[in-house]
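One chain, chain A, links the two complexes that follow: it is found with chain B in the first and with chain C in the second.
For the complex of A and B:
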């Protein structure tokens, strides 16, 4: 096919989606930048107000702490599952995979509701502890940091399993045999073979859960307390409570910037592989 | 690794420990579903697990309350319309992207795929501000437009993957025989794509049906979707009806998931 015909074909098929993307997606995103700079009367007011605001600074550090801890927790849990899955026969693996896929497909709202029932003041965990200890136990497990981390880790873990499993499966069995023949103990094999060779999966998984974790909205809103509000919740607060759209937009722009930074390792990795 | 592990007792012990840990994580992942589903069949007057009596009362209450059926119908409406629109726009685009090289291809693809990495709250805010400017906030139209952009990347990925498995020579053949570009697309490409189309359509429907953040920003009092209603319900009152709604959502996810697995198995080329 010659170049002109190729171009005509492309234009015919891609134009409608491109027009919609430009007018319904790109325009709103640019509109956020425009609004964050005060709209028609250009100013840095929103940004300087944000940097001076104690609420913003606290929310920013909360967001970073929660996102990093939830990502680290999901990495550990996801790695445990990926190791287990990688050891199974293909038949059993696809069976156990359902145990990861089902939670993966479950709505985040369902998870939050379930955790309020499981972890609430008179929830299942506290009831159980009361029954075991014989005295009234009412541990605060939700509407605080613990609840947010449990909810987020539960949501994010499957996203680690898939890339880590892919890189574990790509490791040649003969590498393990060689290490074992040379007398390496299992712990050493894990440290010097499994872990380094699964690094691409770890980086891919970690980077994608970090990106998601930075933008979490539902879990901190439903399972966290007022001190666990993340940047997303701040966007909601400025948009709906104080109706300060410039501030909301400025927070959105900063959040977008953080996501771009978090995704950088992933795109470097992709480029190296291709 | 297996032959080694049989001989070495230390590694066998470690493997057993690994399996134990893995099962603990599986249980943690499944705990929400395992708890919510039985509760949905419990009594409306108690919120306990496991329920002491079983009934369908919560489902009856859910389906007889307009405060819940309104959002349920609204979600079905928004998800159906969005799915149709996103397929109409996304399938030709996926074909153009998969089959042609043209200037700006990478940029256009990047823009269409961006909702995958941009936090939903940021896209939601963008839609909210922009649609306020266009004065369509709170309408079903706004919700549909938001959901179309939100589901487009998933549709593109799935349809591009489907097209790449097709034999391009059939398309060249049809065009040599004189079929125009669109006729060839309709009569040669689309019929072969049916499994991918069903898969992408189900995926788009499910994502739209479950979507909360964008809908939370774009819906008005009369256009709230089921997840929006559920979000405010969990926030303000912990009603047992939510267990029934949760079970319904989980059931829909499960059905879609099973259909997708079945589709994957029935496609010979996907082997």
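For the complex of A and C:
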């Protein structure tokens, strides 16, 4: 195939998706930028108000802390699952992969209510602990930071499992054999072979969960307390409660900026890896 | 113009919570001038059933106008509809401050002259807001938990942690909460407005540690009490009354209540404006008020409705003559909601 034909082919395949993306993503996004600068009467008011407000600064730090800890937790849990999956026979592995995907079959809203039943003051966990210990146990597991982290980690873990698993499966078995023939113990093999070679998967998994974690809305609203409000809850506050849409848009733009900032170093790292 | 419309609609969709309404908004603007339709936005659950049984069914029977009922009045969606000129909703069931904000922003149609029987209404309608009923907020408790006299009966006692120790609730918004704090701090109900915001926050600081939940969803003011998560709760007489019908009766103190108005408003540019006017007038007529409030357990604004209520219902009406009770000033909140709200959210976080 010559170059011109190739180009024609590319245009035919890519144009529909590009047009859809531009119209339903780029255009509204530009409009959000426009709104955040006050629309027709251009000003930086929304941004200067936001940066000067304790509410915003507090919510920003909460968002960062929650997003980073939920990402770290799901990375650890997801990595362990992926390690286990990589060692299974293909038939078993596909069964387990379905199990990993199972949480996606229920909506996040339903899962939040389920967690309320399980983790509440007189929920299943506390009832069980009360029964085991013989005394009244009422651990506060929801309406606080713990509840938010449980809910988010539950949602995010599968997004780590799959890219990490792909990386692990791509490691040539002979590398492991060579390492153990040379006398490396399992811990050493993990540190010098498995971990570095699965790094692309870790980076891919981590960047997708971090992006998602920064924009969580329902989980902090339902499982968190008043101190666990995240930036997306602030967007909701400005959109629906105070009807100040340029503030809402400015929060959205800053959130987008944070996502870009969080992702940039990870993608540079990924490029270096490959 | 079309370009701007499209973009604004998208901006509206940016709010995650609003996503569901998108198809409704995108399909707007198809309505004809004269129709037999009406869209009424009201609260969901049993509230919706009560309003349907009490007034909407008879409206359709009388006029042949089909009423589409939509859940959850949301002023952000009204703003989007009015801004884009794609108005989908006709009549809006607005709590006090929301109604007053909408009026300030110019989201409501002015009512036609002579639409209401002014002699019958205890509270006069404004140019664009028709009072639908008054509600009473106050202290609720579970009478099976403690003895007589061990429950706070007014706001001063609700704020008295020494005499009445226990976990409490408040709403997650400054309206009602600041009023309760000032009443507790000794401000006379008549001198409440303009609110002394600093003094209210100082009073709230005292009880903040024993507020177990800042409640966002109204039914939670009761469920937290029923499940024993809290000892006393700031709730509403209408909500408490319905727990009695379900068996496990909670109690509500009428010694001191905060009373507020619920309004009906017609959205500016409503596609079925004529029907909307007829509907609002219908909902304020004495028979409909009596039938609806019998079910909703709130106080009718129609004087003629009061004698039509059952004996049991009249017991649950807040006493407007009681000097301890305060009436919410929605106009004050329309002007101050944003700044006070922001301060309140910050205060909750710190």
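Going forward, the second predicted complex is superposed on the first by the 238 of 274 C-alpha atoms of A that agree within 3 Å, B and C clash if a C-alpha of one lies under 4 Å from a C-alpha of the other, contacts with A are read in each partner's own complex, and residues count from 1 in each chain.
Please note the rule applied: a contact is a pair of C-beta atoms (placed from the backbone, for glycine too) under 8 Å apart; a residue touches a chain by one contact, two chains touch by 3 or more.
Keep in mind that this is a model prediction, so the values were computed, not measured.
By the touch criterion defined above, A:211 lies against chain B but remains apart from chain C after alignment on the C-alpha atoms of chain A. Of the two partners chain B and chain C, more residues of chain A are touched by B.
Contacts of A:139 after superposition: neither chain B nor chain C is touched.
In the superposition on chain A, no contact is made by A:195 with either chain B or chain C.
Contacts of A:55 after superposition: chain C is touched, whereas chain B is not reached. Touch criterion met: A:249 reaches chain B and chain C at once. Once the two complexes are overlaid on the shared chain, A:241 sits against chain C while remaining clear of chain B.
Residue contacts after overlaying the shared chain place A:175 against neither chain B nor chain C. In the superposed model, A:227 lies in contact with chain C only, and not with chain B.
In the superposed pair of complexes, A:32 makes contact with chain B and with chain C alike.
Overlap of the chain B and chain C interfaces on chain A comprises residues 24, 27-28, 31-32, 35, 217, 221, 232, 235-236, 239, 245, 248-249, 252. Taken in their complex, chain A has these residues touching chain B: 6-7, 9-14, 16-18, 20-22, 24-29, 31-32, 35, 77, 80-81, 83-84, 87, 96, 99-103, 105-118, 120, 124, 154, 157-158, 173, 176-177, 180, 185-187, 211-212, 214-215, 217-218, 221-222, 232, 235-236, 239, 245, 248-249, 252, 255-256, 259, 263. Across the complex, chain C meets chain A through its residues 6-8, 10-11, 13-18, 74-76, 79, 101, 105, 172-173, 213-214, 216, 227-229, 337-338, 341-342, 345-346, 348-350. Taken in their complex, chain A has these residues touching chain C: 24, 27-28, 31-32, 34-35, 53-55, 58-59, 121-122, 143, 217, 221, 226-227, 229, 232, 235-237, 239-245, 248-249, 252.
Looking at the complex, you find that chain B touches chain A at residues 1-4, 8, 10-11, 14-15, 18-19, 21-22, 25-26, 28-33, 35-36, 39, 47, 49, 88-90, 92-93, 95-97, 99-102, 105, 108, 111-112, 114-115, 117-123, 125-131, 133, 145, 148-149, 152, 181-182, 185, 206, 210, 212-213, 216-217, 227, 230-231, 234-235, 238, 242-243, 246, 249-250, 253-254, 256-257.
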